[in-house]
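The first chain written gets the first letter, and so on, giving A, B, C, D and E; residue counts start at 1 in each chain.
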């Protein structure tokens, strides 16, 4: 039974990471109504920013480097919007999609240009996990689960308790009406990018702490995050969490049964099935 | 000269591949992000058959039929979806097909790939050398171009473009949008299959690594760069893009730079796409107004 | 219309008329279609360092008959498609009579027909798949075939009395090929393979694959892994507190793996084509490496690439700078040649033989395994 | 000709069309009026199959057509126009017209290869007819322009011409004069009258009462999804129920 | 009385479609001005142009004597103009309370917003009862009340209403107009667009009739109510 519980834990862990990524995706989708294919690169750059600040010549310790790394990620996110997506606000979907793909290419190879394709680590010592009820969990993993929950609660509170968050929801509900209220939609959109970038940065750093850094780390997880988004309902924060965990569990439990070579096909399979069975349910919005 | 011929063969195969995608993306407005699946399906079909000594004519036909059949099977459930969701389903399909190539070792030899695919013999003429193969691909490309031209300039093609422009209006004029889309998708898959078959018999070796999402993106770029919905767009796009990619080899930069150069090239690639989408989303060639050409 | 035709013609024109610079007439050019970018660029960079070291030494010592060697590197982007293009370019544009082929069996398999058909000698210091022997008489490798290694791993398991093992392997040509040889030999030796788990390289999470492999607490698990996936896997094994004996292949024997996974790889063992590290050749090589690169982290297969350059230089010296000459001379110069990696005599399949040794990680260093 | 029985449709609890019954008989041009949000366009959408009805039946020339997909309805000979014109922007005016004829041989893939002559002849005939109609609607000088380059009024004319081109048994026009200037309204009315001469049957949603009175032989009035009156335009004008619907209580 | 809003000879429309071909209206401080006209006469377009959602091609819009023709809607809200569009005029996935808070956006300070909110709740106990409900679950009449209350949050000088009675039952319409009158008594000027004219004309001090994008008539509400020409415009003649 241990291995089953351990697999469930693994599924939840993977799911938390997917959920963090999915929230960022869903946020931008909610406000701007497009799929940001370059979100994975935002994640990856978040992790690399931290690496950059922890390495020479800065050599900051993790807690100090964290804040500037997230700030840099935010800067990148806002830059993405300012220079790529803003000029394309009124463009059609295919144009936007291709531009986002281009951006993903640019940023991924940018990281490879600077740091090379090889794996890197933050250089922390590897520790054995704690054993609880026969399953093992490391402090990093506890941090991942806690941080994901904190992030989701934080985003939830932000959206439901602060004026800025509420106005973002208003913008995502009905942009024109929001303008009519005098809500600064540009500000709200920018803020959405800030939050999405923070989520991406945190997610990237956690992923890198748990595993390694490499330029492709965002892209390979983005597809899963995307499946999670679709599963949980686009624009729905709790849905992103639920979708992430369902995908994570399905993958990890699935591997116990089918050939692990098809691990990635599981997320795709779920996504395709969802789209085919209940295409309307995926829009996730009432009305 | 051999390199030149080689690049020409590659470019022409990509032209066929891009033309087939152009039919879907450019003319019918279907965002197919899993086009490489059909390229791969027929490359594998034809390779496996040829390795069993099936004559090229027959294995080509079966390969095309397989690509078309899978296109048909995929299109029935997925074409009911909205544009971008359709894109995601096809993307998923493409990846799953690649995983099948990779994992069904008993059938495809998995990651070992299939070596020794024979050069094609068509009506007892063997296309073995580079220039012979160039002729073969050129012939098929011309044939593809002509067939697609006849289809696209016909009333049938006119309906496809109408569906791209406004499916509701097309439906209100009595056109069965769903059927036309399926047909377009199947034809597109078929010609992607032709490109795949030619590819396999050219390199004589195929492996799952040849059929990644990156390939779909490359042809998509060719179509978009050249000018989607135009007859010559894929041709121009393939020339420009592959030329751009390969010309970097000739800059004779120090090998130490390669570590930087390869990502730099891809960065330029990505940047170019963004700039193109912002400043000239229609690509190099613009779709022009034209009357009906079928009648005269 | 006109504009398109012009654009196409101009690009074609540039393609044709770009002349490989004639200035390099006073050197012997050797092609190298290496993975300088893409999935296995980690390996390509190491190969290049080793090749550069050998070339520098030869050139400093006066080159070949007074002419220097020049390596023309061509990036194969780690994909079969670009391997073909890279080799085509080296053959057609740089007109090299000999080239160093790509690593990774499927890349190698894609490139080999081009070299064979153009009658250009292609040497490889890594292509290990058994099928490579059939590629043609111009295709050589200075690296032992996986047939030997697969048997080596099987023998190791048997000698350590691990008769029931699951096997995990990177789901690519190398992993699958090696797995097949292993399974065949292991069954013959009376062993039982309890589970087969393929996985993709370059993932961030292998926890559940690891759990599946160690289900039922096997005493040992064979894992044919690369550096990238291996680093992640061993780390996650350690974190999950899984205790089993890992048995790897040669691709994991890399300082980089230890650097990435730290104490998690302590005690893992693996086979590798063995050559004595006590010889004067090896000591000289190690000293030279340290002098040039300032460390002694010789990259995986670096020694083979180094030897490959020397054999090539000798073959050019003896057979002349033509592919036919080199092809014939290779057999003669390699016969009995003792390089850093030992005896490099080619067999009739144009490959080399080797002993297999066992390595392990002890105190963060890769050392020979002793029971 | 067109018979509607007990037709109902609601969206999220709001009755867009409720229990509507009426028959279009021999009237050549029938009008459909009603205040904003009274369900006129929904009724059109139900007839043409864009949305399925919740309840009720629709018969056209004795054939039941409710629940059919839009293209099937169109193939029965009912062609519609849209409130906000729907032309094919990146196709020329001529191509827009040529799309309209139903059951073209050249739209069947197989016949592209085996019936080339027939397609050529058909296309030639359609082309001539299209050019004639383009001239009638006054767009001859623009025939090779992309439709997106036309002004809104011209696009309306094109859409109308395209509907005529389909040679339908019945034409449904959704606000043919909305958003265009008075001189063009005149022209559109003349066109409709001209087509009426050639035996076409029209069903028109229109809010411009002047147009209704001049064109229509019979008018239905909808309010809140229900038919509240029908009759000759002049009678309708003075019907208190109609006045109430428009003016409020 | 001073004129708070003046629209002078405005041309405006969407893209290629020009809807207003030179319309002028004027509203005095404290008035309820009603704009009626058949479908497609350009009433909604006029309101959108006044509010800045569409920029006029020609002509000017003056607010308290200042030219605001080219100002963005966000700025106009800050100047004391509120606009309630027709149909979808609430945020369905936000709660009632949140909807009201959104209406208070130009007030900036949270405390001020909270105060305004309490004020509103006092005047609209109905809304206080539902404050935690998603606005999407309100009935049509309640939505309209919410929209009105939300617009009142900033205590605007001028309110632009686009078809407040659309799709509502007569009784509910009655209630909405009572609310409008109440707000008007507190000194707020209204410009109301209605197709369903009778109710609006009864409340209106003055009214304009638009037809096909130009002014047709201007008179007091009462008199227009009995004007035969207006009837003809609606029902033909």
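In this text, contacts are C-beta pairs under 8 Å (C-beta built on N, C-alpha and C of every residue); 3 or more make two chains touch, one makes a residue touch a chain.
Because the structure is a prediction, the values reported are computed rather than measured.
The chains that touch subunit C as well as subunit D are B. Note on connectivity: the fewest steps through touching chains from subunit C to subunit E is 2. Of all chains, E has its CA centroid at the greatest distance from the CA centroid of subunit C. Note: the chain lying farthest from subunit A is D, by mean C-alpha position. Interface comparison, B-D versus A-E: the higher count of C-beta contacts falls to B-D.
If you average the Cα atoms of subunit B and of subunit C, the two centres end up 33 Å apart.
With centres defined as mean CA coordinates, subunit D is found 49 Å away from subunit A. Centroids built from CA atoms put subunit C at 36 Å from subunit A. Contact with two or more other chains is made by no residue of subunit E. Looking at subunit B, one finds that residues 102-103, 259, 262-263 touch two or more other chains.
Contacts with at least two other chains are made by no residue of subunit D. Chains touching one another, given as pairs, are A-B, A-C, A-E, B-C, B-D, D-E. Taken in their complex, subunit C has these residues touching subunit A: 37-39, 41-42, 45, 171, 197-200, 202-205, 207-209, 211-212, 214-215, 227-228, 231-232, 235-236, 238-241, 256, 260-264. Put simply, subunit A touches subunit C in their complex at residues 3, 6-7, 10-11, 13-14, 112, 116-119, 121, 125-129, 131, 136, 138, 140-141, 207, 210-212, 214, 216-217, 220-221, 251-253, 255-256, 259-261, 263-264. Those residues of subunit A that touch subunit E in the shared complex are 160, 163, 166-167, 169-170, 173-174, 176-184, 285-287. Looking at the complex, you find that subunit B touches subunit A at residues 25, 31, 77-78, 80-85, 87-89, 92-93, 95-96, 99, 102-103, 217, 220-221, 224, 259-260, 262-264, 266-267, 269-274, 276-278, 281.
On subunit B, the positions that touch subunit D within their shared complex are 150-151, 154-156, 158-159, 161-162, 164-166, 168-177, 183, 187, 229, 287, 289-292, 294-296.
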